[in-house]
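As structure tokens, here come the structures.
Common to both upcoming complexes is chain A, partnered first by chain B, then by chain C.
On to the complex of A and B.
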């Protein structure tokens, strides 16, 4: 096995995946969000293929295929349909502005480096240096989810976070056992579908998909 | 085979509900009777477990290895009894079984056949997912099933679409999905540690394998993993500060679903946490997880106590009461074998008591126009049976004898004082006193007085004894029995579970 090459490729791949996550912080149109998510998923599937090749683990090919179909084709398709339906909605005023978002996300990635230090030290996989980036992506996805006001942006934040988890599982353990992996895909799909249904409900009930109007329920 | 009988009936019921359109009452009845099969299977599994067997089921397919995918030890059996018990009651008391279904909170609209169909499909799927979660051997599969419960229940929280219910379910699905994703990060980290030590293994996420290896796992990774798992499953269980979805979701969902969520779903999330706590304890020793549980448990009690004082809506009040009991159980699970025993028994009692309360809330909702405590007066006069049982339920929840919660809280505090936590236990007692007083005040308002004429549904005559009330007497019987004595089979089941969870 060509370990240095594999190691470099996986670090490069993880960095690209993380960058696609950070794009969400400074782009505003929903279209850019969806594109970022789609390309992120594509890179992630390629990384699964690379890891599968270098580690001789053919189950990963199947996982890569499922991931590609689900996250690079099906989900972006539905997201685009929603985008068309609601017109060109922009995330005009997120709770945190672009500059602070970028600084905060940098700090989140640093935090990820701190908390995953023991993992990187213990692991002897060639992919280990990407683990902090995966954890960073999880945090960035979470950050997008809590600071955006549009329901669709929140969904994309959630999906990016899911990608981060998939990346973490890939880099740390070459993927979880296949039965778990498939179950997770099913859950992501179902979860996405139910969220999508709710976006339509929110639109018809509140006549907007800004979630900060939701303030009926207090005590 | 026994697992088939446990899980398949609810799937079959969901299938029937999907195929029959438009919805007919017979579908609801079939689902309700099928749930008795599940209940019987749960009892059979419990009996096997008590006799020292551990039922395991699995198949090996060509590409997917499902060997030993389902397994039931005494802890699973205990949870199966709780889940199937509440599920049976909930399905018999569901809307669409022939009762006049008007819900004054939303105007005088009955549920439409489409809504009833959706309700019966997803409630049954929800129950099936919970049963898979407690019988899964693989902690990854357990995670998948718990995530599935979020999705299925989110479909039925807004059975009536309005601003409040949409808001509640959006918060619910977002907060719980994120929480559960974090639990998956924890699961991956746990697997990471195993993988690093012994390489790829399909069965590494099987709980017994995980527990057996736990001793040699890396403490620093396990610490990180457990924090993620605690936040994740803690969100689902509604431990403070991850409880924020709970009052909203409980306040807005149809009452039988709330009953399922507050008793069965909560217990399932707690169960997942306990499984991982056992693993983390084996790696780290008890101190680490215990301290986290104590801190979050106390925080839950504080938040719940003050929210109950301020509560104006009775459904939200019971949601906060759930958070209070969650806090108590967290304390119990951190207090050694005796505390764990008390907390598990408390879990059983709480399941019976909280489901009783929400089924009664269902009755009250059909009679009164408003969910506000202020406008729900004179329960004893307008609904003698519901009012009486309601008073009994509330008194049980605030730990008055003869309800079983009295015994479990007493044992729990004894365990705490025996382990030298006088300040902690003193604070907890003080908070329970706050809860006690404010519950009595709220109860007093609801039971007595005269309701304003436009607050109650006059079309419905004064309540008479019916089989629906008779079913609720089952819960009362369970609570009183557990308050007076501890049946030998249950004691065995609890002791075996304690032995699994708390190695002294």
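On to the complex of A and C.
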């Protein structure tokens, strides 16, 4: 169980998952956002498989399969359909510009290291060095959620944050029981559907999916 | 004594390989774009031609303009003595560590930018200001990326970093190493004026950076500057290849080990050249205003590399 290879692989996987979150901040087109999210989910399900193999927990294979189908196939597919329908393909002016958001995301990951340091110090899990990265990913997802204007990029930010929580659960507990995971997936799917309905309504009301427009409601 | 001969040998090797490497990348790019391409050894003839030509200088140019090419060239040459090109612990390791390497490279860039400003032409000033923007953003990343390695090895000494990685091969696939590699790769493209940042194969294009600065140079001065910039490509490729994948470097100074080292070095340079040629064929030049974003990305990578190797320690 305390295999150095497993520890090495899980740290590597968590870094790649985090990197896809940061790539999100660098890109501008919504298509690239969706792609980054898709690949992030693929890497996350591979990590579930690896953890399942090393901890001999075969339930994790089923969880990996569900995660792959939901987050790497179904949700990106619907996101792409939404993106095609609205035809406004770029996140042109986020609230924080790209260069500053990159630096800030670096700072957020540093913050995650500081926050999780006590946890990592007392833990003897082989996966402990990935925990700050997962925490960092949650922060980065939240950052995308609050600084991007397009509704679709905000949804992707939410989903990335969800991926971060899933990664943290995986690293901290080697996967929760399958019934809990299924509940979580159902929640994500439902949340996604509700958000999709919202986006369609925003589009029909304002003829744009920039949430900035909603300020008009105040007047 | 032998060790000092090795130092001189490796500097000479870098000098000789530099034009060939550039020629190889150009040829490969041409082949990838369905052109026949100039022969690989063309840059050697280019150098010979330039050294034979007379120097034409603007009346406004000062002594700085004459001195700059020599400073640019010697600073690049000095770096080749300090980096692990063929063997791992070098006698000159005590002379300079990674900070000296980074700032020697920057010294050359600084004087080149001054020389671009000196004759007072529009293009030169434009090129210098752009080059300084890129250099100011990329230089902390280089230092930080190599610091990521230095933290793992416990020393800023390049030779010590290499031996530490050789002693503990698992480190090579640690996330710190991989992120530092990616960061240094992006910065190498920026510093050597390769594609997403600057296009090396155009002359007289409004967005040029390196070419704009050296537009006023001719004859042997131009030859020295070109040679120095090609040398910089070899230096960055060697840093990428030998700091991150140090296998093949000679640990002892036997002829067999050195021959293996030369061959693996050439192989690694060819591989990196292949990667760069493919990258340059695949992507278009970034708009100048997006360059800081790319370099910001590489800075974040380097920062994460340092944090993760600091935490794993």
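As a convention for this text, the second predicted complex is superposed on the first by the 212 of 219 C-alpha atoms of A that agree within 3 Å, B and C clash if a C-alpha of one lies under 4 Å from a C-alpha of the other, contacts with A are read in each partner's own complex, and residues count from 1 in each chain.
FYI, a contact is a pair of C-beta atoms (placed from the backbone, for glycine too) under 8 Å apart; a residue touches a chain by one contact, two chains touch by 3 or more.
Small disclaimer: the values here were computed from a predicted structure and weren't measured.
Once both complexes are superposed on chain A, the partners chain B and chain C fit side by side without clashing. Contacts of A:129 after superposition: chain C is touched, whereas chain B is not reached. Once the two complexes are laid over each other on the shared chain, residue contacts for A:119 go to chain B alone; chain C is not touched.
Applying the stated contact rule after C-alpha superposition, one finds that A:160 touches neither chain B nor chain C. A simple residue count on chain A separates chain B from chain C, and the partner touching more is B. Of the two partner chains placed by superposition, only chain B is touched by A:191; chain C is not. In the superposed pair of complexes, A:102 makes contact with chain C only, with no contact to chain B.
Our angle of interest has its tip at the CA centre of chain A and reaches the CA centres of chain B and chain C; in the overlay it is 150°, to the nearest 10.
In the superposition on chain A, A:173 makes contact with chain B only, not with chain C. Legend: residue contacts after superposition of the two complexes on their common chain; A:211 is shown touching chain B, with no touch to chain C.
Of all C-alpha pairs spanning chain B and chain C in the superposed arrangement, the closest lie 19 Å apart. Common to the chain B and chain C contact sets on chain A is no residue at all. Residues of chain A touching chain B in their complex: 57, 115-116, 118-119, 122-125, 138, 142, 145, 151, 154, 158, 161-162, 165, 168-169, 172-174, 176-180, 182-184, 186-187, 190-191, 194-195, 197-198, 201-202, 204-206, 211, 214-217, 219.
Of all residues in chain A, only 4, 8, 11-12, 14-15, 18-19, 22-23, 26, 98-99, 102-103, 105-106, 109-110, 113, 120, 129, 132-133 touch chain C in the complex they form. Of all residues in chain B, only 63-66, 69, 138, 140-141, 143-144, 147-148, 150-151, 154-155, 158, 161-164, 166-171, 173-174, 177-178, 181, 184-185, 187-189, 191-193, 195-196, 200, 202, 204-205, 218, 220-221, 224, 247-248, 251-252, 307, 310-313, 316 touch chain A in the complex they form.
Interface residues of chain C, counted against chain A in their complex, comprise 170, 173-175, 178-179, 290, 292-294, 296-297, 299-301, 303-304, 307-308, 311-312.
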